[in-house]
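Mind looking over this structure? Questions follow.
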Amino acid sequence: MDTARPIDTADLQALLDSDLFAAWVRELALRVDTIDGGALTLTLPVAPRHVHGGGVLCGQTLMAAADTAMVLAISAALGGFRPMTTVQLQTSFLRPVAGDSGAAVITARVLRKGKSLVFGEIEITDARGQLAAHATTTYALL
Amino acid sequence: MDTARPIDTADLQALLDSDLFAAWVRELALRVDTIDGGALTLTLPVAPRHVHGGGVLCGQTLMAAADTAMVLAISAALGGFRPMTTVQLQTSFLRPVAGDSGAAVITARVLRKGKSLVFGEIEITDARGQLAAHATTTYALL
Amino acid sequence: MDTARPIDTADLQALLDSDLFAAWVRELALRVDTIDGGALTLTLPVAPRHVHGGGVLCGQTLMAAADTAMVLAISAALGGFRPMTTVQLQTSFLRPVAGDSGAAVITARVLRKGKSLVFGEIEITDARGQLAAHATTTYALL
Amino acid sequence: MDTARPIDTADLQALLDSDLFAAWVRELALRVDTIDGGALTLTLPVAPRHVHGGGVLCGQTLMAAADTAMVLAISAALGGFRPMTTVQLQTSFLRPVAGDSGAAVITARVLRKGKSLVFGEIEITDARGQLAAHATTTYALL
């Protein structure tokens, strides 16, 4: 991408749709919405394929979306993608996301960008704006 | 399932293939291998759709497999599936799993089965038997 | 305490100084500063007894302070202390707190108060206002 | 210490009693018991100063003991102490440790020693041998 200008949502959407991410992960169909200072927001469609028998969005989808969003937030903070690896990711599940609620909103923030380690936080809110999942994570830049 | 006998690997495979799990999660194609006391082992195929541009199995797949394996391990410990929800899941990523390594092995253990909370641990080893990911988790029985 | 009025910082300081907390924990010498909606702030003195050979506030102190602060934040949210137990606590250490920096500030927030589980988040900032540690936690009400 | 021979429990006890650890942490009065391959065991006395009003060993003490034990386990794996910092530590609290139970046993293991990051696991069992707390952690070598 053009490093002479700040990274924008179209750049991040292009990363998201590239083979930087596994095909199975791209099926989350995340959409990059806004980037504002340290916070990146994305929309996560609540698709039937991600809803389990209990009628709610499955936790596996929430964790995958959190991890994916953070890769983009870090890329934004770095001004472009750099090889990195997730060191750890801890997710708390606060409320179920109803399977017919349309979409959830993901907000990913870099809390600290060190020389080799980056710390971040991800919030996932449901269609009514209530916090459904909260994750914290550490990445290593390679 | 027949509650007059202990739960076996075929019962757990049937749960895994049912709509208890979201269709997207069933695409992990996990196979239940053994159940021995507290430890449940499964095979996770390293399929191209789960490999990212860096040539390794993506972390999203590892977390999804860990969560899914624990639902089965808890079901085994309870003698059958009961509604439950993941409270939190923390995963550490120790080594990459090569995209051409065939399969990984997942071992899920219940560490403590309380009245309403269940604690567990999941190890994922690569084809050479080295620890690739390690997760700990808390579930609430509903 | 008087349940006819909202809990205030003096009530929380009294809890903190009571034998609800172990004597060793009371030596953190935390001071309750403000309570505002969901957020409780406390001051953590950076005392020599809590500084290790590397010249920085030790991580053990940061974790202990985070856990202690959350008990108070939950008590505030419940209108008074109720028996509870920490289910899990995950702390990320973002920056060292210099051993001669005087004091750190702890902000504890309840993210979700369920019927039996309470989720929270704790931030610890250093004297310059930079994020030094970040914790997330789950408590069970007994 | 003498780098011509493997590190032993006396070496580790000397580290534990040195000012590498904050004075407040040394008051845990941990005792190094055995070192066997990857596993280091220590005894944690259940002292009245670490017991809270509910009559059980406080969680703050368990977390502090886990972190401290891992510094020693890493030092053993490295053949001696090296400057390091805790990146994150996640603790799950499975069972209370009774305040009159005498002592708990801590077992710390290095799961993976990388070039700059080290992953570990800590188990704390009560006097009856039951798992009371379980922690996983990441350290950065400096």
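Letters are used for the chains, namely A, B, C and D, taken in the order the chains are written, and counting of residues starts over at 1 for each.
One rule holds for everything that comes next: contacts are C-beta pairs under 8 Å (C-beta built on N, C-alpha and C of every residue); 3 or more make two chains touch, one makes a residue touch a chain.
Just so it is clear, the model here is predicted, and its values are computed rather than measured.
Look at the CA centroids: the one farthest from the centroid of chain A belongs to D.
If you compare C-D with B-C, the chain pair joined by more contacting C-beta pairs is C-D.
The distance from the centre of chain B to the centre of chain D, each centre being the mean of the chain's C-alpha atoms, comes to 29 Å. Taking each chain's centre as the average of its CA atoms, chain B and chain C sit 34 Å apart. Averaging Cα coordinates per chain places chain C and chain D 23 Å apart.
Shown for chain D are the residues that touch two or more other chains, namely 87-88, 90, 92, 138. Residues of chain C touching chain A in their complex: 90, 92, 94-95, 111-112, 119, 121, 131, 134, 136, 138.
Chain contact summary for the complex, chain D toward chain C: residues 18-25, 27, 48-54, 58-61, 63-64, 67-68, 83, 85-93, 96. Within the complex formed with chain C, the residues of chain B that make contact are 87-88, 90, 116-117, 138, 140.
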